[in-house]
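Starting off with a structure, shown below.
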Amino acid sequence: MRLDERQYDELRKIEIQAGYITHPEGSVLISAGNTKVICNASIEDRVPPFLRGEGKGWITAEYSMLPRATAQRTIRESSKGKVTGRTMEIQRLIGRALRAVVDLEKLGERTIWIDCDVIQADGGTRTASITGAFVAMTLAIQKLQSEGVLKENPITDYLAAISVGIDSKQGLLLDLNYEEDSSAEVDMNVIMTGAGRFVELQGTGEEATFSREQLNGLLDLAEKGIKELIEKQKAVTGEVIE
Amino acid sequence: MRLDERQYDELRKIEIQAGYITHPEGSVLISAGNTKVICNASIEDRVPPFLRGEGKGWITAEYSMLPRATAQRTIRESSKGKVTGRTMEIQRLIGRALRAVVDLEKLGERTIWIDCDVIQADGGTRTASITGAFVAMTLAIQKLQSEGVLKENPITDYLAAISVGIDSKQGLLLDLNYEEDSSAEVDMNVIMTGAGRFVELQGTGEEATFSREQLNGLLDLAEKGIKELIEKQKAVTGEVIE
Amino acid sequence: MRLDERQYDELRKIEIQAGYITHPEGSVLISAGNTKVICNASIEDRVPPFLRGEGKGWITAEYSMLPRATAQRTIRESSKGKVTGRTMEIQRLIGRALRAVVDLEKLGERTIWIDCDVIQADGGTRTASITGAFVAMTLAIQKLQSEGVLKENPITDYLAAISVGIDSKQGLLLDLNYEEDSSAEVDMNVIMTGAGRFVELQGTGEEATFSREQLNGLLDLAEKGIKELIEKQKAVTGEVIE
Amino acid sequence: MRLDERQYDELRKIEIQAGYITHPEGSVLISAGNTKVICNASIEDRVPPFLRGEGKGWITAEYSMLPRATAQRTIRESSKGKVTGRTMEIQRLIGRALRAVVDLEKLGERTIWIDCDVIQADGGTRTASITGAFVAMTLAIQKLQSEGVLKENPITDYLAAISVGIDSKQGLLLDLNYEEDSSAEVDMNVIMTGAGRFVELQGTGEEATFSREQLNGLLDLAEKGIKELIEKQKAVTGEVIE
Amino acid sequence: MRLDERQYDELRKIEIQAGYITHPEGSVLISAGNTKVICNASIEDRVPPFLRGEGKGWITAEYSMLPRATAQRTIRESSKGKVTGRTMEIQRLIGRALRAVVDLEKLGERTIWIDCDVIQADGGTRTASITGAFVAMTLAIQKLQSEGVLKENPITDYLAAISVGIDSKQGLLLDLNYEEDSSAEVDMNVIMTGAGRFVELQGTGEEATFSREQLNGLLDLAEKGIKELIEKQKAVTGEVIE
Amino acid sequence: MRLDERQYDELRKIEIQAGYITHPEGSVLISAGNTKVICNASIEDRVPPFLRGEGKGWITAEYSMLPRATAQRTIRESSKGKVTGRTMEIQRLIGRALRAVVDLEKLGERTIWIDCDVIQADGGTRTASITGAFVAMTLAIQKLQSEGVLKENPITDYLAAISVGIDSKQGLLLDLNYEEDSSAEVDMNVIMTGAGRFVELQGTGEEATFSREQLNGLLDLAEKGIKELIEKQKAVTGEVIE
């Protein structure tokens, strides 16, 4: 039995509150257990220089944590004057994942900015950010469609992300909280579409390694979790894909 | 009548939700109308180098806005690699104000870090930050007292802040929202104690000036607002000063 | 009696030397006792991006101290790679104050850059900077008028600034030097026009507070000092306002 | 048939030249086709602050490209004043991977710095860096052993990395060059030990997705390549593990 | 005849005003024609980390220009957040030159900070800085000696610097002003001791070259100028070397 | 006899390997004893803003060292976030030197970027960089000529650089290695053309000084070395000047 009394293949309690902040075109507060992330989607009517005149849109993301999202206060990246490698890695990941389920030509020459701000952290902040960001982005796109700005739906599939891992005592685990993540030997983030196809797979041995067989166990677990997450998303966005 | 149907001397709806984030020693979400700020207080068991060995504590603050706290997305200061002058001015102000109502010797050799993160902005973010920060700090100090770490209460008085201003058409106004603030000729932030004494006074003509008589009208209005805010604070913290 | 034998309501010796540096359109060296600031005004024939095509001008300021302006050498901001919060606060203040007494439409689409460089500091550097900057700016504008570039005088009033404060032993004081400023409980900077109207008011309790009555005493003292400063300015610029 | 006439499961020509630079404790120039990386390992007799007094060592890596490693000159990160997200991601990856095959307690309180400098790039620079870095690190450790500084061999297994991908026309491919990488729909980097266990797995759909079946094909291909790379490494280092 | 009616081998008017700023241990305002530099010397009772415990002192310099020292306003290095290559080159040069005429062991474990701030520029700012810095440093050292802190005079010789150049029409020139410097084909800075020995020699063809014979002419001219400068220095410092 | 058994007027072994990196328009690896520098020349079809529309080209250089080019690992400038003064000084020097032997009007509106990356350092890296950069630049220009892009040869003369110095025991020395450079009292870098004219001369006493007579000895020695270097260059480039 896990510390928080979950089964090994059980997600934490997931809540997605839409319209959390009033200004953004799409906004949600996503909670996965004690992890809470504000995901905002903003529409900008132009694209970065490398895409100008290509007739395509772009999706980019920024990720940050409040200093006291964590048990110990962390220094603000604005005070340090630079963004850490971890932050850059996560924001590149979020943007790349969302672009995999959007037809950028149908989006037209506009940029969707995704801001994921972790206000409380308890493990799985990057996967919660992706799962929440997909909803915020979808709400923003639905707004563009309802206003007649977008004629066609550019979203090609659902998208969610989850962590899985291997604990030396408990074996395979779904949706690790901070304490589980800290002691896990192997940590894997899986990003998957509604059709069950991989968008991104990042498995890391933390001073440890894993076998092909263990990999297969982790992927089965992740797939189960992702399906449940996509049901939670649909409860907010309605059916996005016909 | 004001746009949001308030009287000229009427505060916006104030809500202070304690324990908003679980990790910090003190945490509140303060709402003043549509302005929402997460105020967290963290205790660190050491002081900055200039105070070491003096037997005194320190209180310092950081302030930030989420990119979509505003109607138009603003660039993150961490992406720019530097903090703007406005941000620095506000964080210096918050720290200075709180230090005026705390006996730093009674606090002992520890630092209270205040983090004010605006998640939604509609004017008055710096005054809401101060009003919320006082509550978060008080909660953190009460925690230290209940744990027996602090023997004496270092807080010497209540503290709250409010904006007042002069509109060319409507005259004197209490607690300006963003739209009122943008069109005001004169903007003043007043920070006051429960005893009705000034801690800080910042009045600015925006390409305009103001007379001694107008100043007096603004100060009367501010005093009324501050008294009401301190009642809201007491509802959360209880009586802090015997 | 004060340390330098001044009365409580007596300014330090004020000198304003025009044409101190040859390149700028307007240049003065202002001395207030041992505080010495070079104030240069430069004209640039364009405005910042946010004002382009608006038919209005802009005034902006930068402030700096030489490393040995102070008793202990301070590190250069260029060596640190960033400007401190204090510096940003002061340069925003100087620019805002000057804009309050200039009709930016009459100035036309040009920017006045004000550079205040403190070469020797003994308290009151920000108020001396403003008082000197008004003269440098006026000289630069008079040059534009004499060259026929400006048809109308855009200056709407005189402008000067002074510090006042409360000392626990000596009570109210006008024009604090560094030593007085360091021990004062309350420090207030007042920026006022020739017509006696406030442009900016910044009163701060340094781990202390002040009453409404004390505020009134401080403002009376500041008004007296400002009137004397404006006479000093007129001796350099002549009558600026008809 | 591929552009450079390789079979779909054929590595590029791999060369590992030991002792390339004279100063480092371990140094190799690794070539994988036209990709050339200088990998240097440096021993420092202390560990980062978070490990002090723990009796363990640390391995950390830095990665950089010469401006003309690429077809178009790229701006130096030192000129930009900051390291890109891509660079940070790669250097974190290299360090993490090496730490998975070293017993940090046997290493003792010392740090191994790995510097991977790409002097010519044609795809696969991060995997070539890891494969070369393992050799440079091994040479440095062998030097410590031959000097009697290290009593035991801290290396627990061989380590190499390779890229695999899916091309829309050619299907699965091993060891992609720059041109193949640019047009691939799916790109995966696999880091594996001599025992055939995964250390890290990073699969990314580039505006595309991939199925579980495709994943399995990619992993088979990677495993074949890694085995061949480890033979090349052994030719330089000798048998490292008994 | 030169534009300012000087002979080809004639210095501009040199003035050295001692005690210009009150706080520094040594302070001069040096004028060379229209070039004006404040040179301050500060004593710090410790040395940089690389010299600790060596029983030797250190001399280091910083150089800066006010934004309107020049005909066109230049951006502050503190605003840009970095120091230009030109500035770094000059400050390294000043420090190196002064160290050549000071016995650092006799100076003891203390640092002399030299700050050269150009308030008005008309060519030759780096050579004027060195010539003025020698005087400021000497005054600071004399202060240490008069206070009994230094038992022995650590200064081993006088030091001054001058520019010489070759103009395509006028030939060899001593002490170039800004206009002459801009059109010169060859520009050389010479730093020399009272004994006529070189400390530093920097000759540069500006998209031009120069012969050995021309070099000899330039050096003769520089030597003449340096002798005159050292006389000016002695008038301020008295005889420094017995 | 010198440590490496050279005569006082003997160069180290010089090797210039052309076409070292495939992407740049010109590329060499230059070795001077154990000092090894990759020099790449890149052509860009535009000029910096200050030259636009002038019909002239530009040549600029960047210089860097790999962290383990040196006996002790040095921190990367990209990690520090800023370029050191030494680096800036060297890159300004390289660019200036090359521009002295190129007719920038004949080059046309294009920029030649020179990248000098020291992969192994044993003294004389800046002079080896210049000597190698001239060859890389020449190869790039010859490529432009062979492609018919350039009609005329813009190179006006050969260019090479060498260090000379004075050792307290051994006297005058040509081409100092790291150990000799560290103990030399006087260090001079000489940049000279094929016609024997100076382009740049930088002589520095390291806490020492030098006489006119010593200067003449150093210059004779440098001239000898430069002539030999230019022969080495010609073996790679062929005769560049008719």
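A, B, C, D, E and F label the chains in the order they appear, each numbered from 1.
Keep in mind that, in the parts below, a residue touches a chain if its C-beta (ideal position, glycine included) is under 8 Å from a C-beta of that chain, and two chains touch if they have at least 3 such contacts.
Predicted model only: the values in this text are computed from it and were never measured.
Student: Identify the chains in contact with subunit A as well as subunit F, in label order.
Tutor: Touching subunit A as well as subunit F, we find D.
Student: Both subunit A and subunit E are touched by which chains?
Tutor: none
Student: To lay subunit B over its twin subunit D by CA atoms, how big a turn is needed, in degrees to the nearest 5?
Tutor: 120
Student: Please flag the chain sitting at the greatest distance from subunit D, going by CA centroids.
Tutor: It is C.
Student: Which chain lies the greatest distance away from subunit F when centres are computed from Cα atoms alone?
Tutor: B
Student: Taking each chain's centre as the mean of its CA atoms, how far is subunit A from subunit C in angstrom?
Tutor: 51
Student: So, what's the distance in Å between the C-alpha centres of subunit D and subunit A?
Tutor: Inter-chain centre distance comes to 28 Å.
Student: For subunit B, write out the residues touching at least two other chains, lowest number first.
Tutor: 81-83
Student: So that we know how the chains sit together, what is the shape of their touch graph: line, ring, star, complete or other?
Tutor: Topology of the interface graph: a ring, with each chain touching two neighbours.
Student: Output the ring sequence of chains, start subunit C, direction subunit E.
Tutor: The cyclic sequence of chains is C, E, F, D, A, B, beginning at subunit C and stepping to subunit E.
Student: For subunit C, which residues count as touching subunit E in their complex?
Tutor: 21-24, 27, 34, 38, 40, 42, 44, 62, 64, 66-71, 73, 76-83, 87, 113, 115, 117, 119-120
Student: Give every residue of subunit E touching subunit F within the complex, in rising order.
Tutor: The touching residues are 82-86, 88-89, 91-92, 96, 99-100, 104, 157, 188, 193, 195-212, 215, 219.
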